[in-house]
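Just so it is clear, A, B, C and D label the chains in written order, and each chain counts residues from 1 on its own.
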Amino acid sequence: MSMLCETLKEDFLALAPLALVDTDYKAKGYQLDITVAPAQVVEAATIMNRRGYTLEAVTGVDWLASAGPKPAKKAAPAEGEEEPVEAPGAPVAEQMEVVYDYTNTGQELCRVVVRCRIPRANPELPTVSGVFSGANWHERETHDFFGIRFLGHPDLSPLLLPEDADFHPLLKDFRV
Amino acid sequence: MGKENLQSAIVQFAALDQLLALGRANSLWPMTFGLACCAIEMMAAGASRFDLARFGAEVFRPSPRQCDVMIVAGTISKKMAPAVQTLYDQMPEPKWVIAMGNCAISGGPFVFEGQYGIVEGADKLFPVDVFIPGCPPRPEALIEGILELEEKITGTRRWPRVEAG
Amino acid sequence: MNEPDCNPNQETFVINLGPQHPATHGVLRVKLTMDGEYIVHAEPVLGYIHRMHEKMGENRTWAQFLPNTARLDYLGALSYNHGYVQVVERAAGIEVPERAEYIRVITVELNRIASHLLWYGAFVLDLGGFTPLLYAFDDREHVLDLLESVTGARLTFCYFRFGGVYNDIDEPFITGTRAFIKRLRSRLPDYHNLVTKNIIMIKRLKEVGPISAEMCRRYGATGPVLRGSGVCYDVRKNEPYSVYPELDFDIPVYSECDSMARYMVRMDEIDQCLRIIEQALDKLPDGPVMAEKAPKIIKPPVGDYYGAVEAARGTFGIRVVSDGTNTPYRMKLRSPTFSNLSLFGEASRGMLLADALALMGSLDLVIPEIDR
Amino acid sequence: MMELLEMEPLRLLIFLGGLIAFAALNAAYLVWLERKVAAHIQCRIGPKEVGPFGLLQPLVDGIKLMSKQLLVPNGVDPYLFKVAPLLVLVPAVMSFVVIPFGENLAARNIDLGLLMIFAFASVNVLGLLLGGWGSGNKYAVISAARAVSQNVAYEIPMLITVISLVMVTHTMNLNEIVKQQEGMFWNWYIFRLTASPLMPVAFLIFFICSLAETNRAPFDLGEAESELIAGYHTEYSGMGFGVFFMGEYANMVIGASLATVLFLGGWQSPFGIGSGWWWFLLKVYALIFCVMWVRWTYPRTTLWGLLNLSWKVLIPISLFNLLLTGATIKVVSYLFGA
């Protein structure tokens, strides 16, 4: 684990995230996996910004109960919003996950994944486009695909879909 | 009434028509209009090795008003469809359309159950004269497509057709 | 931003650049609010070639998605192949034989050259010079011949497999590649004489379209755009993958931040690609090109995986979420030009239309990759 | 006397017919030449299949363009839209009237020939402006605005250069000017350093200006394809576009002819013997080839670069040339006596 990762870990522990996991880069492709509450998303982005990171992508994952993977653990944690999620990536039913991929363009490699779970029925969380300008388009795209509303985003009109699109194709229950 | 009873007309409109057809067939100006991957092969067809210019078809006009043939090279998305339709409408008669590549023919690899984004073939929007299959078709295929269009216009083929086999 | 102050009445008008326009290299629409020849506000409108790649990722098997990666960025298809197979290999724990990795590097770099050559031509075409495009295409055809002989395709290569490549390279390919390296090395000075040293080019590119390193960071811009802003970041060096660590090459970096810098980065990269290929050919080990234990049906364990490669246009990142079945649960494609284009609106403010198009050309856009 | 009056209209008609045919054929085959030159510069073959060496290509293009639908889109100003192509072509053809192709081969040998050409050249701009404006297309309007500012800017150095030349020739009769350059090629005004040491530079200025005046690369801002689609003729289809095209090539010939007449000795042979119209055509086409060569080599300048070149470089140099020429004439006449 590099120095940078250690510093970041300290930064994030101060933030008290829901989960913070060191992952095996060889197996996963990233070093730090951090799960935060929706309210902490902007805070997390600010930390990354302060450390000179860049936002590579924002995306969503739709964890629909019927479409999700067979429960890897004993049972899917029920409505575990407050409850810390131990294994990031493990499916949590009826939730949306928003994933922020951060990387830095310095010489030290430490890829950080910040994720945030929001209820599927009311997918809302604050925007980070105030911190990273590039998040603007990524969040618009995520809104296109999943209908996740980024509060405070300057313009959530469809980016990739037609201007008048009212569907969200990457939802697991999407039908034409 | 046999054919022989008809007197030959003084003014031969058929010959004039043929002249017009020859003129049009040998001067097919395509539109600078690429949608996706196929557009690169379209450019390659105009470049040194394949040289579409030999047939007088290298004058890629950027304005639809000055084009004769629209080469639909790539996938037409539903968002793009109105624009493509407008471009077609903006071209003056007589005009032709070549659907280049599988996407323009049928949607190609992007057709699946529940697809929400693409138009499954350029012929859903306007009449298409020549279809060139391939993903993407080689530049030779595009040249063959142009020759095919010439044949369609004049009724005669420029060169003997090469039969597969 | 230096707003033009020659217009006291603030009379502006809107023109639509595209979606069909010679300068947009495909179907990109840019809504330009103009004040005479100056751009007051530029807003790219995407989605005209949205081809549902991410949706397709969810309803095809892991292997069936491979051809899609070639159609994402058809100019640098093999980089995308590489990124995808790499992340799936990581997820499924497949080891790739060394020879296959070398072949991957050789073909990817050849593809990168082809991509940069096409960019070079198209960029000069944007600036009104037609002939360099044809020269670049001429050389590019040689690359395509080589790649065609081994992959079977000219443009949308689908050559890599999980665990290797599907076809070994042969002697004619190796000699042909060496001959091509020699040929291109002798041609590059011509390119520079014709374009790089051209006074009009210099006037049009020097100090035009500045993009600072900080701006790149805010927007997540990568690739030659970032390297033209003085940041030495290249996934091949910073996050070594494949056999790049064993090869000796430099990352061209220019700190002028202008269009000329981005142009020079790409031109120098062609040189470096040749170096990489040359070394890889020298070091090419014997052995199989396909992992023996590669499973026929891929079912990566549950979890999410990330992989990034350096494509011709920047960092191509791919995030897959596996639910343990034979189809991905979620596939996120992070395309470099998406981020690179997102800074166009800010960077082009207050510029002349012609300069803005030079800037847009220097970003090296491939629209289907942005829209996915 | 009566006979002459009767003859005059006939003569004029013949010449006019001949000139129009010349302009049209010239335009058609210059397009062919352009395509061939471009092809050879770009390692291609160019038009080849239609007739021997593709020589019938202009013909079929012409047939095609003439038989194409003439679209008058909604939202255009119908009168301006229709009159604009003619305003480009007619002045260009009219300028041919005074060009001396050979010693007695000018439709009209008038004393103010040079003035007349410049008068008509100014009308040409009007055609572009009206075409762009009448199209009701934003790209066309921008293009027209560019073309006008460009033409205005480059007329100034061009005229100043011509004035300095006229100071030497003492006449504006093109025929006379050619006659003054009789003899070996060092009698051509381009090499007449005794008249003004800057003569080659003057020629260069004239050449650059005529490139800009005819909207040719690297000054083809009006038609900057990557910026403005097809510029002022974006909305023109069929022969409307064809007429614009013909006008453009006719202007190119006028520019090259004028350069030939003023600086390169017109129909005069470079070796003093065997002068005739063939020398004129040879020189004109050599110049046109150079114009094409430039087009297929250089990228486009920007509007600012273009105007900077005119106002900050060409105009000062041409003014200096004017001064120098005046001074040289004074000094020479003082030293050797007028």
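Following the convention adopted for this analysis, contacts are C-beta pairs under 8 Å (C-beta built on N, C-alpha and C of every residue); 3 or more make two chains touch, one makes a residue touch a chain.
Computed from a predicted model, the values in this text were never measured in an experiment.
A summary of chain positions shows that the Cα centroid lying nearest the centre of all protein Cα atoms is that of chain C.
Compared on C-beta pairs in contact, C-D and A-C come out with A-C as the pair having more.
A separation of 44 Å divides the Cα centre of subunit C from that of subunit D. Inter-chain centre distance (subunit A to subunit C, centres taken as mean C-alpha positions): 26 Å.
Distance between subunit A and subunit B, defined via averaged C-alpha coordinates, is recorded as 47 Å. Computed from the mean C-alpha positions, the centre of subunit A lies at a distance of 64 Å from the centre of subunit D. Touching of two or more other chains is recorded for residues 42-44, 225, 229 of subunit D.
Counting only residues that touch two or more partner chains, subunit C has 21-22, 47, 50, 52, 55, 134, 138, 371. For subunit B, residues touching at least two other chains, in rising order: 32, 47-48, 62, 79, 114-117. Taken chain by chain, the contacts fit none of the simple shapes, being neither an open path, a ring, a star, nor a full set of pairwise contacts.
Pairwise chain contacts present here: A-B, A-C, B-C, B-D, C-D [touch as defined]. Listed in rising order, the residues of subunit A touching subunit C in the complex are 26-30, 52, 54-57, 59, 61-62, 68-70, 72, 88-91, 99, 101, 103, 105-107, 109, 111, 113, 132-134, 136-138, 145, 158-162, 169-170.
Note for the complex: subunit B touches subunit A at residues 78-79, 114-117.
Those residues of subunit B whose C-beta lies close enough to touch subunit D in the complex are 19-20, 22-24, 26-27, 32, 47-48, 51, 53-56, 58, 61-63, 65-66, 68, 90, 92-94, 158. Residue ranges on subunit D touching subunit B, taken from their complex, read 35, 39, 42-50, 54, 56-57, 59-65, 67-71, 73, 225, 229-230, 233-238, 241. Contacts from subunit C toward subunit A in the complex involve residues 46-47, 50, 52, 54-55, 58, 87, 90, 93, 216-222, 226, 231, 233, 238-239, 302-308, 315, 317, 319, 321-325, 329-330, 332, 334, 338-339, 342-343, 346, 371-372.
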